[in-house]
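Dumping the structure here so I can ask a few things about it.
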Amino acid sequence: MWNSPAEFFAMGGYALYVWSSFGVCVLVLVLEPLAVRARFKAIVRRLKREVLAEHFDNEGSK
Amino acid sequence: MSALLTIIRRDLLLVMRRKSEVLTALFFFVIVTSLFPLGIGADSALLRKIAPGVLWVAALLSTLLGLQRMFAADYIDGTLEQLALSPKPLVLLVIGKIIAHWLVCGLPLVILAPVIGLQFDLDISSLKVLMLALLLGTPILSLLGSIGAALTLGVRGGSVLMSLLILPLYIPVLIFGAGAVYANSVGLDVTGHFSLLGALFILALAFVPWVSTAAVKIAIE
Amino acid sequence: MNHLNTLSTNRALNWFRFSSPSTFYPVAGKMIPWFWALSIIFGVAGLWVSFFVAPVDAVQGQGYRIIFIHVPTSWMSMFIYLVMAAWAGLGLIFNTRLSAMMAQALAPIGAWMAFLSLWTGAFWGKPMWGAWWVWDARLTSELILLFLYLGFIALQASIDNARRADKAGAILALVGVVNVPIIYFSVKWWNTLHQGASVSLTKAPAMAQTMLWGMLLMALCLWMYSIAVGLMRVRAIILEREAHTDWVRQLNEVKN
């Protein structure tokens, strides 16, 4: 179908439109899970700190 | 029935004591509609074309301004809770508030709009259609708006949020309402628009009071 | 408490076992990698069909290939809204927190799908019809759908009390779901009234079999992706909202 990689990237003249569309989609579909991962890590970090703090609290009051 | 009338009378009385709140919403309508010719130019052919849209959008926005008053004051001083605890069904009281809101915000628009329509050089038959469309449409705006007002009770930045929530729901009313006036101005038939407006009105009347009541209960629990 | 979990041999009732955040959290964790795998497989297959199997279009040249991402994102944006409203409704009826959390987890995904649909629609429209934006019925309805998503997210973000946010959001989502067909119909009518049947972004090239397969595979890819990211986000939400509970404190990732 495509005679060369150059032809593939040129997309018959529609390169800007096709690659902008697919490109932004890939960007969003990659960044969103990364953002969710960051949110998950943040809450886990906060919980770890709280558990640690409680632990020290308990040790200290013994 | 008397509970309904009592609530309507009470809300109207409260409004009469603070006339400025209502008058400001109406002045807003007048001012906003005047802004468009100032911004676009006084070409009467153009104004006639944009008049339906401009008048309807201004009507939507001033209804939104008035909606903030529907539940907020009663929520803040605890009256809403007392109303919810009363032996009368809360739905009835919510319907009463919606009717009061329409009487104060919607009906004046119906009366004012033809006057503003003259500024846009609309012909008499279009003005009539405009009045009728608003007469049918503004109750729908009050009904749908009550959902937004109830959902955003006591919420930070509630008034702006309410606009964001309700405006998408207003779009069908806008389309059919403004479309009716536009169709009339180019000589097309308006019965389709009015039947759809009527259908929206009946749908809204049948379902919205219960939805708003549920939203009010969520807000005060 | 135990008798609730072993309530019956009736499988249907046993589903309530997973309506507890504590039982659902580990299950979701195990499912996520599988959905990512499925998403990638479907994605690779779909992109392969889109770029190397589907033939060039006589009218639109290579540019029509945007359809393979535009249509799936549109489908997903609408589908996710329905699913989100369903979860929110379930949460309202059965008073289950987790259902509401699922709705909250899905909303941003749906909003991004709506945005991508609009973006790809604009980039498809520009070369084909000469304008970045046309007031086509579907694009306009898609824009309004994005507003509905944003409203839902904004409402939940501005209510501090979590349970009140859940219920208020549920009402908004359900009202939205009822309104989406009304809005779509009214916008469609408005479109024909003002523009005639002239411009229609939905006038896709006549569907060759391969084209349909390409769209289907991409749609499946996005569906699996949405489930994967939805589960990821709901796990974060569960931890945030159940932070005070014992079972969270006992989790391996938290106990160091």
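Chains here go by letter, A, B and C, matching the order in which they are written, and residues are numbered from 1 within each.
The rule we apply is simple: a residue touches a chain if its C-beta (ideal position, glycine included) is under 8 Å from a C-beta of that chain, and two chains touch if they have at least 3 such contacts.
No experiment lies behind these values; they were computed from the predicted model shown.
Novice: Strictly by the touch rule at the top, which chains does subunit A share as contacts with subunit B?
Specialist: Where subunit A and subunit B share a partner, that partner set is C.
Novice: Can you figure out the chain closest to the middle, judged by Cα centres?
Specialist: The chain sitting closest to the overall C-alpha centre is C.
Novice: In angstrom, rounded to a whole number, how far apart do the mean CA points of subunit A and subunit B lie?
Specialist: A distance of 43 Å separates the two centres.
Novice: How many angstrom lie between the CA centroids of subunit A and subunit C, rounded to a whole number?
Specialist: 17
Novice: Could you grab the centroid distance between subunit B and subunit C? Build each centroid from C-alpha atoms only and quote it in angstrom.
Specialist: 32
Novice: I need the residues of subunit C touching at least two other chains; which ones are they?
Specialist: In subunit C, nothing touches at least two other chains.
Novice: Of all residues in subunit A, which touch subunit C in the complex?
Specialist: Where subunit A meets subunit C, its residues are 1-2, 8, 11-14, 17-18, 20-22, 24-25, 28-29, 32-33, 36-37, 39-40, 43-44, 46-48, 50-52.
Novice: Flag every residue of subunit C that touches subunit B in the complex, lowest number first.
Specialist: Counting only subunit C, the residues touching subunit B are 144, 147-148, 150-151, 154-155, 158-159, 164, 167-168, 171-172, 175-176, 178-179, 182-183, 185-187, 189-190, 193.
Novice: For a test of understanding, state which residues of subunit C touch subunit A in their complex under the given definition.
Specialist: 51-53, 55-56, 61-63, 65-66, 69-70, 73, 108-109, 112, 115-116, 119-120, 123-124, 126-127, 225, 228-229, 232-233, 235-236, 239-240, 243, 248-249, 251, 253-256
Novice: So in the complex, the part of subunit B that touches subunit C is made up of which residues?
Specialist: Residue list for subunit B touching subunit C: 147, 151-152, 155-158, 161, 164-165, 167-169, 171-172, 175-176, 179, 182-183, 196, 200, 207, 211, 214-215, 218-219, 221.
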